[in-house]
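Presented sequentially are two complexes of chain A, the first with chain B as partner and the second with chain C.
For the complex of A and B:
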């Protein structure tokens, strides 16, 4: 319904709607519409070439992606790897961010400087971060290799076995985004009055009890926000992998596979047809369903826990 | 191990977890500092490595990539500037960022304001369309088809068009606009102000903090964007600086000294911007994470 409007009546009543249209149309045409049209494209054999005819295929893209031959087996591995990536990033980034936020929430000097340093990567973007860490992980006498050497460890880092390289990229992903988690937790911590903790101390509660029974429950909304953002963000993340490892077998996640299929950088496609956008759209829908199922399950569990803890 | 000893062992880090803003004294405080410094090293290390390598010669790097640079030498920066086509790419990035951010903010406020005031039909529904954007399927493929059929593939106008959308910006603006009192609208209307004049002259200045956040985050996003130019732009003279850097990386993948200088030149403007505008960036990230 309309709310009370003061800037004239009748025709001039339409002015807000008219001025809203450009922005709204841009959003519909470039983002929301294409997003929904992904489902339609997933039933076709659309390619990335102008003028080539597009056929309706029904479910065969899905059948090929999920069930047919070697591709489906590779895709299954990719799905599992996507879940591993998301799980490790979510758990480690959230705990790491919480720890740092609590440390920074003490009455200490220089906390602002530390906060700046930890947040910095967030604004640097995947290109800079990816190249920077590729150099930091330089296998022939680079800094990380030297440090590992001090402990007698040896590793080829990004050039080593795929799973090791994959773990390094997971770490860089966490390193890059921990600042966001930290800032959200810090904002949450600042809403908790210090007197609450201090009075619990006076009543004889230990520090751990204070955290467990006062800080942690009151931090629940920030925790839910962080978990939601981390789960969805990590399931959809793939750009850092592209910069650091390219499209290679053994380190792909679903987002990267979609890019590779749709834009013609396929290493495991025997037919060699580049830019299979219909097939890529089907993979996008699979990713969307994954995000939906995991995101909604997580939401349900978090709500339930919040009700239980806050009564 | 008996209890007091154990307590001492964990005390440096753990009490910190325990109470928000509890005053820290004595050894516990140094434990917290030690932990923070250790983590800070992991954050500063990669950046300092880039600085160090950018100051080395190629021989120095080949002999030992980690040793300290012998002195301040700036040839790598000159080389990177010339070989990597920096002036051209930089001009492109600035052009894209300025034009797209300007147009985006103008259209975004005229979307966010009437939604926050419920001046248009279905305001609540429209707002929820922006909130759910995060969860929706990846728009990449149909978006590409659209651009292809509009003949906007590999054009600068098409590239700018792609950055006129940012749902999180709308969420930030609507959340902020809700805090601006409604009485203001009525008072301005009574004084005979038109809707457009009111939004441009009264609302824009009042929502400066939110605008600052949205502008900075949007512009940073364009500056850092890597995949969009990879997909949409093939003509070399259109490339933004991130893509230019990766082209350079592809050609001179082993020339880490020049590459580091290039990375640094790309990083420094962002770092300066961040140091100056930190609070708006934090505010934007926080506002954008509230999605009700």
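For the complex of A and C:
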């Protein structure tokens, strides 16, 4: 038996639709509309300049981005680097977030203070975080360089070889976002009844066994949320790289490459180039497809796992 | 009585704006790039301008030079800028360049976003050649270029050179020996603003110039395949760039911002500073007592190859075609172009003037004077990338460790040529 429909019949039934309309309109104008426009732009040579003539190019931008010359191979390298970035950020951020949440879920002194400290970076802007860490990693007398100096080592840190700089940016990305991961895990941990843990201990389960067989399965919804947020967030991340490294060879991820193409920035060209927003839109669509495939696959696997564990 | 007062106030409120209509106020939005002497001068000049034209206010936005092209394009599109500092028109497409992207200034002109300045009377104050070479397109003038800078030279601390008995090097071997002398005496041989990337690129341009004094011929040769990034002569250039990055520039330079490097040199922390002549005022300002000079980077062991300076047309003014403040913008440009104001600008920024009546009377002016007759446009101003080229296809000293990943000059030379070939072949 269905419950009575609260908005009555006939014209009254329009009320929910009317109430949803402003939100839908905003969503269409600010999110869905621009996304669809990006797909259309990706088939043109739009520069993004008002008054600039725009021609329909068909698949040319995609061919150039994916297949034309060495540039396409460089783009493939960027794609691989984006996946590496996403993988490392997701795994480390989720693991550290879980570890810290479990530690801060204990009845210890000053846990609230520690929760605040770990969450604090989340409220800072990307630019502030980037500049702060740039100072921290300053290779001529910065704090990290001084610590290295105690061991007789010298490093350019952020300014050094791309792989090394890339690892530093990954670390900062994790540091900046781990607070959210921790809070979601903490919320999940606090929904687990203390009696369950207590009874497992009475039954002789060790702390690790209790965590593995009770806490971890019950944290599945939080874990899935965190993994989804981390995967999508890290695949789209680029602002921190821009602030900390700029547009340079060897450290670009796809999001940064899209920005560089669309807004006339290119590595090692002080003069700048013309904006290519049509070409940048094609690169955006490639990133969208990447996020979609990885995001959907991860969602499918995580839900299957959740169903298997929680029933 | 009360009602009458209210009516009087209302009438006054209506009349006063009408009375001041004859002197409508305007606010010019000015966009310039970060260069301390330029910013200081523009702020002082604007004050003078506003004293003369009290109804005009000038708002200045300053961006990093690597972001200038992006800001220019986005702000012109948003129509919230009136006058923009644009580097002299460069990277124009030559007839032998196929399937290359247009430079940003050409895109802006074709989109109708830059004002045609051809008829403006203040253009007469400038060299016709500078107006033609650095600010014209299809017979119309779109930019007032205000001067040139050399970027293939090296600043040097004369006192340190004298203290350690080092003479100004005229060959590569002498430069290597000079660097060794300073390092043995615990003084960094060179500093550079490695954090911004491009200053190390620019530092290597002198080596490129020594290898190819005719930079236009180099560009044509690379496009046509008669010159290769990995031929024997050019591999030597890469090897020298590696020495520059690895052994000459001080460790930790990757953390030094472009605008902090002149201060380190001025403080005597490094004996030399390979950079553009635009840094001379910043050096002099950081340490007015510093005794410094500027010599062409000796990238070759043949002194005759090292007698040149190359550079670029730098600050130029373009005006947004859709500006609502055309009169005010033209007043600003005319006032800037007055010979007395322009001379003050040259004095403050150390730019090599494009007005025939102005003189560069600074220390740097005397240092570069012998090279002006043979001054040439640098590679950066002439090179245009073919579509599909790879990321290493450019002569960049910052590709080497410790700034990037390469530690074998030959391998980088091969990669650079492969990356260029990929672009050239992709367009055939």
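Operating definition for what follows: the second predicted complex is superposed on the first by the 271 of 311 C-alpha atoms of A that agree within 3 Å, B and C clash if a C-alpha of one lies under 4 Å from a C-alpha of the other, contacts with A are read in each partner's own complex, and residues count from 1 in each chain.
Note that in this section a contact is a pair of C-beta atoms (placed from the backbone, for glycine too) under 8 Å apart; a residue touches a chain by one contact, two chains touch by 3 or more.
Everything numeric here is computed off the predicted structure, so don't read it as measured data.
By the touch criterion stated above, A:182 is placed in contact with neither chain B nor chain C.
Judged by the touch definition given at the top, the superposed model places A:246 against chain C, while chain B stays out of reach. In the superposition on chain A, no contact is made by A:235 with either chain B or chain C. The partner of chain A that touches more of its residues, comparing chain B with chain C, is B.
By the touch criterion stated above, A:163 is placed in contact with chain C alone, chain B being left untouched. With both structures placed on the common chain, the touch criterion links A:138 to chain B and to chain C. Once the two complexes are overlaid on the shared chain, A:48 sits against chain B and chain C alike.
Once the two complexes are laid over each other on the shared chain, residue contacts for A:210 go to chain B alone; chain C is not touched.
After overlaying the two complexes on the shared chain, residue contacts for A:264 are found with chain C alone; chain B is out of touch.
In the overlay built on the shared chain, the residue A:68 is in contact with chain C alone; chain B does not reach it. Residues 48, 50, 138, 140, 142, 263 of chain A lie in contact with chain B in one complex and with chain C in the other. Across the complex, chain A meets chain B through its residues 1-8, 12, 15-17, 19-20, 22-24, 26-27, 29-41, 46, 48, 50, 99-100, 102-108, 114, 116-128, 131-133, 135-136, 138, 140-143, 146, 175, 180, 183-184, 187, 189, 192, 194, 197-198, 200-201, 206-208, 210-211, 214-215, 225, 229, 232, 236, 239, 242-243, 255, 258-259, 262-263, 277, 280-281, 284-285, 287-288, 291-292, 295.
Residues 13-24, 29, 32-33, 35-36, 39-40, 42-47, 49-50, 53, 64-66, 107-108, 110-111, 113-115, 117-121, 126, 129-130, 133-146, 148-149, 161-162, 164-165, 167, 170, 185-186, 188-190, 193-196, 198-199, 220, 223-227, 231, 242, 245-246, 249, 256, 259-260, 263, 266-267, 270-271, 273-275, 278, 281-282, 285-286, 289-290 of chain B touch chain A in their complex.
Touching chain A in their complex are the following residues of chain C: 65-70, 72-74, 76-77, 79, 87, 90-91, 101-104, 106-108, 110-113, 194-198, 201-202, 251-256, 380-381, 387-394, 396, 398-399, 401-405, 418-419, 422-423, 425-426. Every residue of chain A that touches chain C in the complex is listed here, in rising order: 47-53, 64, 68-74, 137-140, 142, 145, 154, 156-163, 246-250, 263-265, 267-276.
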